Amino acid sequence: MTVVPDSSLTDHACLIVHGADRPGIVAAVSALITRNQGNIVAFDQYSDDPVGGAYFQRVVFHRAGLSAALGAIEADLERTIGGEFGLEWTITDQASPKRMAILASKQDHCLLDLLWRHRRGDLPVSISMVISNHPNAADDVHSFGVPFFHVPSVPGPDKSESEAKIVELLRGNVDFIVLARYMQILSPSFLEQVGVPVINIHHSFLPAFIGAEPYKKAKERGVKLIGATSHYVTSELDEGPIIEQDTVRVAHGDTASELARRGADVERQVLSRAVLWHAQDRVIRHGNHTIVF
Amino acid sequence: MTVVPDSSLTDHACLIVHGADRPGIVAAVSALITRNQGNIVAFDQYSDDPVGGAYFQRVVFHRAGLSAALGAIEADLERTIGGEFGLEWTITDQASPKRMAILASKQDHCLLDLLWRHRRGDLPVSISMVISNHPNAADDVHSFGVPFFHVPSVPGPDKSESEAKIVELLRGNVDFIVLARYMQILSPSFLEQVGVPVINIHHSFLPAFIGAEPYKKAKERGVKLIGATSHYVTSELDEGPIIEQDTVRVAHGDTASELARRGADVERQVLSRAVLWHAQDRVIRHGNHTIVF
Amino acid sequence: MTVVPDSSLTDHACLIVHGADRPGIVAAVSALITRNQGNIVAFDQYSDDPVGGAYFQRVVFHRAGLSAALGAIEADLERTIGGEFGLEWTITDQASPKRMAILASKQDHCLLDLLWRHRRGDLPVSISMVISNHPNAADDVHSFGVPFFHVPSVPGPDKSESEAKIVELLRGNVDFIVLARYMQILSPSFLEQVGVPVINIHHSFLPAFIGAEPYKKAKERGVKLIGATSHYVTSELDEGPIIEQDTVRVAHGDTASELARRGADVERQVLSRAVLWHAQDRVIRHGNHTIVF
Amino acid sequence: MTVVPDSSLTDHACLIVHGADRPGIVAAVSALITRNQGNIVAFDQYSDDPVGGAYFQRVVFHRAGLSAALGAIEADLERTIGGEFGLEWTITDQASPKRMAILASKQDHCLLDLLWRHRRGDLPVSISMVISNHPNAADDVHSFGVPFFHVPSVPGPDKSESEAKIVELLRGNVDFIVLARYMQILSPSFLEQVGVPVINIHHSFLPAFIGAEPYKKAKERGVKLIGATSHYVTSELDEGPIIEQDTVRVAHGDTASELARRGADVERQVLSRAVLWHAQDRVIRHGNHTIVF
């Protein structure tokens, strides 16, 4: 999976198409791109069942003067792909990166890893802000030139107050949210209010060890591998569509804190891949699954 | 983890010691080996808690004319390690391989893999017999010069009849049993009657997807890795001490049958490692955990 | 990468297109398939340079009554894709599996693994014959219902005599050849005479440890991972286009023979994946590289 | 491999013993520890050849009031292990961490990763200083409270001037040096003058792609995996004893810069493991090999 360097994203559009499979979709989409003077750079498609299944397609194409042409292309998509084929479609200008917010807590390894990758130019996003329920990372975040807001988590089940503050900060400012070991369960109403995708990193190989203290549970069960899972957040805890997972070997002598130390490496790898792929429009949600192109 | 070639196992003993940790155990055990003219070849020890924890030790030592000296060594162990230190110990002559029986079903990939590895000299065991509830593998098993018995599984929950036949074949003939995708749940009474360790391969990364059809469940959950787990069988389904696990990457396009095809490779790798380590006395059970030296 | 079960290959064609990249290829190919009543099942494309680069495409499409329509489709391809676009193309009926011959030597792990995978239905090929310079595997090969020929390797550099016998057996009977640890260097004239792709498995992570005794060299260098590489054979030893590679962890205590034991697992995995992908027309050679779709 | 948290290192000693193998070493060492009121916490030993081979042992033991007792223990070691057995030995107080210096260049991923891990308490070392031939990382390094020195590399082969400045900074202040993608070849005289172990990270799976631009070479060769290797620096480029290696999968579509992006993750993982193990006295050099306990 190649990350296209930012500079080369000018005049590149990413078109996502999905819906009921039927013959001729590839031909129709590629003909549309051609007649709109586009040149296909990357093309992926998948049908979960050749007969009466769902169809998914991701196309990246180059079109000189894209921004000026985008309106006409969208009208064409509406008429043909939306109209004749009855498919859903979204098109994005790759030159305008998605705006990402990071929610963090005391553990800073995933947070700092994302900030560092972004500074290196490895994450094609803009980072709007970091919100943490601990103040400890403020200086680090500022050193990356990113706004930092400290919103303490009120103890007890009712998170409405802190969630309200967070929503206020996020609303209108972000295209997606990353929970970098945020360790707070977000309410369905929060997810509804922010209205953008929320990506979480869970420190186990889901569906094993759902919920709190997975490394402790892993130690108790005596597993020989530990893992991490990045998924879209839904109203059901740790049950959302999985974007990426990975595992690492452990041994009988490793303590629970050693599992946490090793797991931290897997967490930041898995989360950064999930964020990269989401930022590149490589991930399509379908029910409780993801198609990752 | 090195597999010592059979030839070099002559006059090699493997001593396992475990019990309550206390200072001086290493010194006592190594002094005992030295005064019995043994030379330590491999030495592993582990304490799960330096203060008041459990102690585990595996020592392989060479002693010219081992079989003649074994009696005296055992008496010494009884007196010092058992007596003074109050530890449990077992000593085995590495030159006499463990007798293994394989229980199989229609799926033959794990069964054939074990037979091939044994023929190549990669598994230091003797294979007493293969028992299957399907006749299909008979010719293959015979081509390896191994006795094959077909014991059909009676439909329904009551397995006592087929289990009784299997116990009759196994009793006194085996030191451990391997379930090579046997796909039948063994009753507690069966485990009691055979009275030897039983190693199973489960086709998921436990504790994820316990029970039947793990690949189907994995496909439904949309995981990005599948795995296999080899564990000792206990009366609780898929809850026994884990010996070895591994995972392999899958993608959204992989069907459930493709997961099964890929998983088969992981299953035979994981099972063969678990069997090898058990055969080499590398695995010590402790509660629901294993120490693998 | 999904292996389509044989049964479902009826009326499926695989079209490979490659040549100089230019706008409109995807549209032209998909339009051609649509106007020939084909429905695209899988579609992969790659351009090694958006500007003036080489273009590669693999399309699998379903077309009822394919065999009857194949002539017309080929004529259309010749006219448009070959003519207008000046691209090279090949189309194959997926229902007619490629004919594979295996050349083997004393080490049988890769040979038996391929035979076993084929019997399970995991390799969509037909196995024409096994040729070995050792007689040891004859019974095993026959047990799979595959013809076995013993062609001893004449000592010394001049292999022309044994190569002539092998060419005689292979000519006209195979679509590709697999060297399953054949351990003999084939002459350029042999490669020319057989005139089909030859896939080799080398027991190292190329380009490390080219040539003989890679495990011995790996032990001497003290590497912490060993590997295996499957590649197309060219006239230069171990320099052909790489299809697949993998590695496995080893430790300081592993002897050279232990490295060989572990490596054998990696070898058969890597070779079987390379053979599968070649059999599915997923591998396109381009200079000394491969594109694997 | 468990990293013991700093707090728990008080009164813990690590004893390394190596030399010609002979019977009774384990007994002698463990008896010595027992008679000096030590309790063994971890014990590893290895002999590269049971007959006339070299012997290696690492023991961690707890001894109340270690610092006061160290003199007597050393005298005992000198008399018995050094004298009677003629073995080399070193004993270190685990509570006093090794002093590490980092040499870096423009690429900061390995440098920052080590600083982060140290701040998290995952590396039991003290960081004396960072020396870089680029000024860019100064602020980042200072934010970790670590001294930073900018020593530009003089163009051309003669590095004596800049090396002299570096030696001046390092002499007497460090126990080992880490080259975190330093990208300069150090002269034999430099290695001699600093007189401490130097650990390098090379961005390929050695011995493949020795020297400059390994990712470019990997792309040219068309490998399917890239890797990283951490090794002790010797006077021969990229030929020193390997401490740790790892690999990651790449695909035909990955550009050389994408390989570098992915490789960066492997580099920092591999280097951090090598540094951790060296800091814990787990790595013993033997000729051009390492034993990693």
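So that you can tell them apart, the chains are marked A, B, C and D in the order they are listed, and the count of residues begins at 1 in each.
Convention: a contact is a pair of C-beta atoms (placed from the backbone, for glycine too) under 8 Å apart; a residue touches a chain by one contact, two chains touch by 3 or more.
Quantities reported herein were computed from a predicted structural model and do not represent experimental measurements.
Asks: B-C versus B-D: which interface comes out with more C-beta contact pairs?
Replies: B-D
Asks: What is the chain whose Cα centroid lies farthest from the Cα centroid of chain D?
Replies: It is C.
Asks: Express in whole angstrom the distance between the two chain centres, defined as the mean CA positions of chain A and chain B.
Replies: A distance of 42 Å separates the two centres.
Asks: Between chain B and chain D, what is the separation of their C-alpha centroids in Å?
Replies: Going by mean C-alpha positions, chain B sits 36 Å from chain D.
Asks: Please output the residue numbers of chain C that touch at least 2 other chains, ranges allowed.
Replies: 251, 253
Asks: Considering the complex alone, what residue numbers of chain A touch chain D?
Replies: Against chain D, the touching part of chain A is residues 1-3, 5, 109, 112, 116, 120, 122, 139-140, 143, 251, 253-255, 257-258, 261, 264-265, 269.
Asks: Which stretch or stretches of chain B touch chain A in the complex?
Replies: 46, 205-209, 221-225, 227, 241-247, 251-253, 288-292
Asks: In the complex formed with chain B, which residues of chain D make contact?
Replies: 23-27, 30-31, 33-34, 38-45, 47, 50, 62
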